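Below you'll find the structure I mean.
The first chain written gets the first letter, and so on, giving A, B and C; residue counts start at 1 in each chain.
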């Protein structure tokens, strides 16, 4: 059984201006000890997807329909109090800006101990030892000293390590990391990514990593799901998707990043236009207004999700539908 | 020296901050020098606290430098703008313009785009009303927007469009130098390339020079002609872009290049990575020796005691390291 | 592109496009409460101007036999302790009260805003000095200070206005300065500086409009405060001289008879409340109309 199975999840935000369909029919699965990256631009629904797994969607947002099966239990159906038992023990989350998730007026060590005392049946001394042990585990050089520090006395990288320690101390089966390295410097980012990889392997945790950075995906993911305007447009094994991107959005996204071997003076591929507003999303395929390879059908009907070959490379795009297969020139398909 | 538009010599900037009554000196820039030619793009890279933003703001005189020279070569003469007071600098301001990181914050929310641009022209006493309107119209088209956009307010635009407006505001004065401080960092990936392409088009067409400040090394490599790597207020390495990426010498540069994530999982997972230990140090305590000593993987005793001199290893390739 | 073409096209655009003022007015009009507020205040101002024609009775005419009579057909709002017509006295009192309220707030908001702007923008010792003065003035209860000033200058409505203004500006100065400290760090101010916009333009066109909302809130409450403060001073014999009426003094007189003739305090109270509410509505509407970000909502 998969660790997590999200089926046809829809999360809507009912605002005064209209209904924002932040997540609209999203499905994916996550196996044990696997890393899934949800990647996409701002407003694509990647963070909302994550928040709904951990049960943190609050007004005006609402899970409209769908299932979130965690070890076979549907989290959507659980009561708030039942859900709380999962949160912080079975499922943990870390955020982009660790400063805002730590209480600024309490010492770091105290905050970890509090967490342990709340969720587990441990004595204070045990909790303290465990806290220091985990601070060591996240490779904080002076773990004992850090225990007695306030969050503002730590650097951004150290704070993120503390957050990771707090998230993993309960040995959760699932860690959700929402842009964990976006606020950090590049050399620190590499440290944190290595740390997440090591801990995942040593603790056997599954990871859902949310990011906008294709480099982070390439570094860490086993599977990747590319989101656009509330939908997953393409998903699959990371090597397969990067080597053989099919959806025009994925192709554009990968092409718009300057790489170290991008020849100078060549123009970057850019996707024209802007990310659509989700109150009135475009009809048909949500990407059609910006798509360079739009077909007539794209404006009318939503593309079905289909599997390419016999892999689990899935894509929602009319270009690859059997009926329209003839229209696709294979050379063009791989974005020459 | 004919085609050099800007020559910065040994520029220093200290800030005094007082916290709970205790005064503390922050050494943001500790003697940085470089020159910039006409139509050239200088990329400045480094992590937070390395002084790259301060450098941009010192050159555009938002901050006054503590010492050093900043020689601007315009109107056929050389002027050290570092020495000019605010009043005297006013007439030179139009030669150096800025683009900021956050397109949401850098436009006045209460002014239409037209007013924002008009105010700039008015402040410099350029033309009469008709001429100004013409110029505004021309510039807005140049950055890929339309006339009807002019009477909208900033909140009615997307991030990418706002950054186009920021570029228009800089461009309208026909500057020789545009300092772009992380101009694409706040934008979505698919929008970033639109803005980068636009900036390169503008250089082609108007021959402006850019100082492109960014933490994103792949973007800097793509857009720059030469690159300066900064660490704790020092320029640790300077070189033409291809040289720097082919033959980085300073261990910090190597680490920085190694930290770039390749959007290709096969390459990303097999490449050799150099993971630096420790954090970016505190700019209020400048070490006696090499600034990078405490994180450097090839550190020797001398590094902690003696500050390395800047040496020219090959043509135009400067590095400050004892062992490079 | 033909050079002159561009200019003309834009000129045409201009004539089609509403100017800034009509834009603000258009947005203001769409807020119903604000429009009602504006109508109410206009009515009160008209009442103050044409008081002589509107008063049904002589507001000074004492009629002991008809003292403390409740509202009736003859005296719509009843009579006071000396048998004078309350409605007539309220109508006449509008003059003093509105004058005090509007002038005090007008001057102190303007002065306070300018001082706050300059102080916050200049920073350093100027800011320190100004803020210490503000602190000292704020340390005293404003009414006590006003009392002292009127006591020195002698009673009279102009002196009341002067005294209330001298103590009134500090609140605005402090709030505006706080706003300026935040706003001047905004990137659009740095951006304006780097494109060479003059200091005075930055101060009044870039910073001030963004600091406007707390000023408007403070001012609408300030008018009510000034009307009440005038009544307190009048009560102590330092404001309008009896028998000249003001809303505040009428309210005070009513207090003595609150048990036997509550209407004596209720009606002036309602008048003050209506004006304050109307001003609040106007203030809210103005704040929203001036903020282009709220235009589409």
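To be clear about the criterion, contacts are C-beta pairs under 8 Å (C-beta built on N, C-alpha and C of every residue); 3 or more make two chains touch, one makes a residue touch a chain.
Because the structure is predicted, anything quoted here is derived from the model rather than measured.
Two chains share more touching C-beta pairs than any other pair, namely A-B.
The most centrally placed chain, judged by C-alpha centroids, is B.
Each chain gets one centre point, the mean of its Cα atoms, and the points for chain A and chain C are 53 Å apart.
Between the Cα centres of chain A and chain B there is a gap of 32 Å.
Between chain B and chain C, the centres computed from C-alpha atoms are 48 Å apart. Across the assembly, chain A contributes no residue that touches 2 or more other chains. Interface residues of chain C facing chain B in the complex, by the touch rule stated above, are 1, 3-4, 6-7, 9-11, 13, 17, 186-188, 190-198, 201, 205-206, 209-210, 290-293, 295.
On the side of chain B, the complex with chain C involves touching residues 57, 60, 62, 90, 93-94, 97-98, 100-102, 105-112, 119-120, 123-124, 130-131, 133-134, 136-138, 147-148, 150-151, 153, 155, 166, 169-170, 173. Looking at the complex, you find that chain B touches chain A at residues 47-48, 158, 160-161, 188-194, 196-197, 200, 215-219, 221-223, 241, 245, 255-256, 258-269, 273, 275-276, 278-280.
Across the complex, chain B is touched by residues 41-42, 141, 155-158, 185-191, 193-194, 212-219, 221, 238-239, 242-243, 252-260, 262, 264, 267-272, 274-275 of chain A.
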